[in-house]
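First chain A sits with chain B, and in the next complex the same chain sits with chain C.
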Partner chain A sequence: MEKRTFEPPVIKRLNAGMPSKFGMTPRIEPMPEVEGLKVSELLKEFGSPLYVLSERTLRNTYRDAYQAFSTRYPKVQLAWSYKTNYLAAVCNAFHQEGAWAEVVSGFEYHKALKNGVPPQYIIFNGPSKTYEDLLLATRNGSLIHIDHFDELYMLLEVSDEAGTKPKVAIRVNMDTGIYPRWDRFGFNYDNGEAWEAINRIMLSGKMDLAGLHTHIGTYILTPQAYRIAASKLADLAVNTERKYGHVIRYIDMGGGFASKNTLKGAYVPGTDSAPSFDDYADAITGALVNSAIKPEHLPLLILETGRALIDDAGYLLGTVIANKRLASGRRALITDVGVNLLFTSFWYEHQIVPAENSSQHTEDTTIYGPLCMNIDVLRAAIDFPLLKKGDTFVIKRIGAYNMTQWLQFIEYRPNVLMIDTDGKPHIIRKREDLDYMTRQEVLPEHLKNAGL
Partner chain B sequence: MRLKKNIAISDSGFLFDPSTGESFTVNETAQEILKLLKEGKDYDEIAGHITSLYDIDRAGFERYYQDFLEMLNHYHLIDHAG
Partner chain C sequence: MKTITAIRQLAESTGNSYAQVFFSRNMLFALLLLGVSFIDLYAGLSGLVAVLVTTAAAFLFGFDEARITSGTYGFNSLLVGLGLGIYYQPSPEFYFVVVLASLLTLFISVAMEGVIGKYYLPYLSIPFILSIWLVLLATKQFEHLGISERGIYTLNELYGLGGQRLVNFHERVNALIPVPLRLYFLSLAAIFFQSKIIAGILIAFGLFLYSRIAFTLSLLGFWTAYFFYLLLGVNLAETSYSYIGFNYILTAIAIGGFYLIPSVWTYGWAVLLTPLVAILTLSLDPVFAVFKVPIYALPFNIMVLLFLYVLKFRTKERKYLKEVVIQQYSPEKNLYYDYNSRQRFDPAWIFSFRLPFHGRWTVSQGHDGSYTHQGEWRHAWDFVIEDNRGKTFKDSGDLLTDYYCFGKDVLSPGYGTVEIVEDGIDDNIVGEVNLIKNWGNTVIIRHADHLYSKLSHLQKGSIRVKKGDTVKPGDIIGKAGNSGRSPYPHLHFQFQATPYIGSPTLFYPFGSYLRYHENKPELMTYAIPQEGEVVANIEVNELLQKAFQFVPGQKIRFQTSGTPLARGTEWEVRTNVYNQSYLYCTETGSKAWFWTEDNVFYFTGFEGNKRSLLYYFFLAAYRIYKGFYREITVRDSYPLHLVYPRTRLVFQDLIAPFWIYLQATYELHYTWIDNPVMPSRLKMESKMKEQPLRFLIEIDTKGIAAFVITRDNKMLKATCIE
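This part shows the complex of A and B:
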């Protein structure tokens, strides 16, 4: 007689009249394959844990976003926000779709050049550009977005040295009715500071004011905030043209669209609460089209969408190391995926599902990573099926920020795989090793050996 | 190790403790084990039975069995007097 599949024994107390936060516990659907490739085989071949990116999802999401805007507005340009994920394969997939590059440091700027992005298609944001960064970007004809007056004055010097006018925009912050208000970056609209910056630039005669920029925050659930922001930038453009006869050529609305991840403490899952690209596009393009900007001078609309373009394309595959019963009676699952690889677990309640068909008996579980640190919690409380040591699982929607904000801590960072549109896997970043980890270290002569 | 005497287990996987009024759900494996515990079987007999029915060896089973007993204990379903 063939033996039955063993499922660990479980007993669960019934709490009558105490439904979970989301009402009924949803059935947890296993995910045996990513892009047609078996999770178990991917882990066998490329090691566990493993990042997997779907090139198909990445490109499709980009096209959805572009379409939402380009069907409503005549001139639209996306710029890939490098900090969200600057692996070269990811950047180039977006560039091939037509995206420019949006960078916020000298490192990211050089990475964009190395990826082959023509410098005039690089937007240089951020508060910490050096004199050398600005000089290079000016000579290259890149778009420099000024963050503060100190940078504005430094650019006047750069302009003299370069002998050419930097192409600039100012970053503008403002009240859009949402909290938190990001007033740390750029010049404030509401108190007149942004208008003052525009006047200084125009009167200096040393810069080409090409655009206006804002980035009102991240994971913004209210499209209405974008409508307000776009109207305020449009006002500045109108006033600039009226006073100086100078036409603002682009308006850059930054990033900030919500992805479908669920924020910690949210009462509704992100899949239900995140506005669509169409919702954001309606708000932004509606504000520009209805503004006082002359129709023949409608500016190019630039978007620096980050997380909403890539979150869905990323998966993190992992393996159960151990089961534990905490002193409180609570079940704990120890896995090989820690917060070192999933930085976004500090913000999101990530969706985690078993790779293989598992029991429908679930238990309130805490999922931990392998680090010897109390903070290493992937999910503090999740109704989860019982997995055994060696069982595998998939964490969904992890494409944004994890492959840039990851921490090199205790463990090597694993392989990153991209599955191309034909279903073929490619390693796009190799697993780290001891050689990689120690390459930058320099040992003083007297510390060359351990001496034990 | 004995289950509290008056505990009722239904065929559909519900368990009721009349002394506290609490109810529980159990899966198939747990149901098998509880039935054997109720019959007063010891660990050896239970392990023998389960490993003959399911694709798990004794070493593997012991781990989950211990964990299960801890949970029974946690829910006060074990009769310590006996």
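This part shows the complex of A and C:
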């Protein structure tokens, strides 16, 4: 029999069977398998920690989202938001499903090209495009979404040099009745700035105003905001056609759909509060269909959903390094997953479950990562079973942003695994090593060695 | 310019007047007949004068130009002119009479048209008969008109024309031809008041050139009559007016191939009617002999009009003796067009309906379904939305909103008016049914008499239309729901013949839609979606929509490069008085008739020059569905006479009423697009399968950008410049 580690006893209030105001206290279901593969074996084979992406969930989510819109509106196009997760395997899975690419920097633009996306299917967003970026995108016929007047003026010069008209849209920000109001990106609708931008573009004659774009915010919990945004864009489209006889060919509603993760400070869990694709689709398509746009000029509807498409498909697998009792008497767990790998833990209460059946006793626990930094907290307070050193766990819904905003900090970044639709694992990004870490470094001659 | 047009019109009218005698509008045949008429110079002249006078008068009166140019008014006058010309000696007085007689014939023609045209009957040569009788009866009193002896002493005339050698030649030819055959030629010649066998031979030759079917029918009519006479113990050669043989010939052509679509049945009737014509001939002849006037083509006129009129009283399907609806003035063309349109269109399905929703839906219960689509209500569909895992709902499926189809827009399947709206019935809880209000919230749309569509189980309060509203395809009617006898949300759809909730269903297909199998679309036309199938409407591509939206008055100009396979680079979109649209090639005068619907464009016919660019475009864009789908194949068939050269058709023509062995298949693929959802350029490739003919059509935002013809490795590229 295995020798059991000693833990000093604690006194805990008995809370058996008493329902809280949301019903019974949630029993934490362990998650021994991801997509049919055993967590323990995956960790053994590919090392801990480990990112796992489910291709099946990813594709199914995409199809659900597409279907929610395509059964309500005749022309729908999704564009994969690269910043959410630009691992090539992820991007290409979405591209195979039919998604275009939505990029926000020269780097992302080139990455999309490298992935094999035809340039006319790339939407170039973002506030910081260089002259060279714009020139390339113009020559390639990509869709350029203008963020501010300085970009607009630069694009006029680009247009002269390229000798072709860039295909553009303007990004519009507006009051949709929600807080916070994003007014940092694009031209404001309510004060007439957006209309002024349209006027300048139309009167310049040097650009092809193909579409209108908005991105009202992120993790938007009320579909009503999209309805307001869509009808405001529709108004701009109608007015453009009325004044210039120019038909707006697409309306891009951006992203911002909530995933099922729970925001910090949220009153109810994300699984209960996040609207479904159908709710968003109903609001957006309803507004467009009911707008004053002529039925024969109904624009293509583009959506740049990122988070809601991939969050559910990602898992982060990790191992307990140590158990600790804090000075306050609070239980603490040190794991090999830190905020370096789980950037989103800054705003989500991530759902963490043990991989194997463990004690039915739970205790209010703080979960820390491995970093030697005070900020490295995964969950400040979670009712968690008593795990031992070496026990494994799964963090759910981490597909969005973590594989792009991760930090190379203190630790190497681990393997990223994708389990294909047949249940076969593929490493889609290799674990980093010293060689990778030092490859870009250049040592001046006099600092060639440590000299100790 | 105006005079040139006038002269052209006059020439065309004149030519057609000659050809029309044999139901033709073939210019070559017309010229030949003109020549034949001048075998007797004065008669020929008299005929030509009659035609010119009539045509000019008709134009001056302002009758329908299309009818004048088609020779409809001229051919009766021609016959009158020829008949008088052969009967009287030429003189100024005589030509004056001819002019008067022509006018009389024109008046009778127009009057006849007004009287029996109402019954959709042709007046055939009745104006000629009436007119010539009147003139003949009257002119017996005119002393200055000399009776001619021409046409009686054939050999004398031949001698006058070409001396002894011609006479000898004529005799030799005559000797070579057996008597009955000689009679056949003489009968043909007699139609043009000619008594010389050579005229008959020329006409027979022309007839063969014009139509193989008409030619075989002329033989059939003649020989049937010949044997009928033999059977009755009368020798046709010995009957007094032997030339009356043409009555049988004309009857056989009219019934066997011209006014009816040629088939084994019309040939049978041509044989059956001939003895009747013979009886009419034998019985009427003595009657008119009293007035000393010949009966001419009276038996033919009586028989054909009688028979055509009788046919109009049929109430059953007119499958066997099918009347020609759009007269092409050629039995072959009529037959091939009819055969082709039977291949292309089912006449029972006039209306093209679309599916009543956006996106892909699955048929959860089809016709003769296992649950409720039975008995009188068997021709109905239930539609739901499935996800890619085959489920119709998300989460647990306990809530209505879990179902993908719940709350989705339901659209009008076609043009119509809203007949009934029933709303206010609660949506059931999943699993429960409302057996009192079986159909739940329902909208019934009237598309035509006896053709309604019904959309049921709609969501309470979602119906957007009211009684009397006009709807068009794709208009939102309401939202799919779960009211009535519906345990889970779905859309019930059916066609019905009566406007009530609960009416029995009617079998009617959807016009064109896509059927998906493993995400690959397949084009379905006039088909019934089956249970389990995933179906969607053809989503119209804006470029194709724009390119094939031809507006009357629009002009299209091309610039060509490569092998000069075709000419005529300027087209115009035109519309005729029947509101039929066509592309008109200004250089060659060719016309390509087309039809456009919401999601399909197709050509219905072509006339004119087969070496024109328009002809090749007609072949290339024969049928275009306006959605761009790489996976689908569009198939259709051409009318044979429009794609095969005449020489290849000769044998087919001869046996066409009985068996058509040639095929002409059209195939189109959508091959390339720069951007499927926001396109600015696309390409399609089409071909005529049985011949080395390939086409490439390029479309851009302005419309048709370019068009490439490849024929036997030779290539012509036409680039649109306007």
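Here is the rule we use: the second predicted complex is superposed on the first by the 430 of 452 C-alpha atoms of A that agree within 3 Å, B and C clash if a C-alpha of one lies under 4 Å from a C-alpha of the other, contacts with A are read in each partner's own complex, and residues count from 1 in each chain.
In this section, a contact is a pair of C-beta atoms (placed from the backbone, for glycine too) under 8 Å apart; a residue touches a chain by one contact, two chains touch by 3 or more.
Treat the numbers as computed from the prediction; the structure is a model and nothing was measured.
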Touched partner set for A:241, first chain B, second chain C, both or neither: neither
More chain A residues in contact - chain B or chain C: C
Partner chain in contact with A:411 - chain B first, chain C second, else both or neither: neither
Chain B versus chain C as contact partner of A:8, first or second or both or neither: first
Which superposed partner A:329 touches (first chain B, second chain C, both, neither): first
Chain B versus chain C as contact partner of A:175, first or second or both or neither: neither
Chain B versus chain C as contact partner of A:282, first or second or both or neither: second
Partner chain(s) touched by A:356 [first = chain B, second = chain C, both, neither]: neither
Residues of chain A that touch chain C when the two form their complex: 59-60, 63-64, 67-68, 70-75, 77, 120-121, 210, 249-250, 276, 278, 282, 289, 295, 300
Touch list for chain A against partner chain B, complex: 3-14, 16, 323, 325, 329, 359, 361
In the complex, chain C residues that touch chain A: 357-361, 385, 387-389, 394, 401, 404-405, 407-409, 474, 476, 539, 674-675, 677-678
Contact set on chain B toward chain A in their complex: 15, 22-30, 32-33, 50, 52-56, 60-61, 64-65, 67-68, 70-72, 74-75, 77
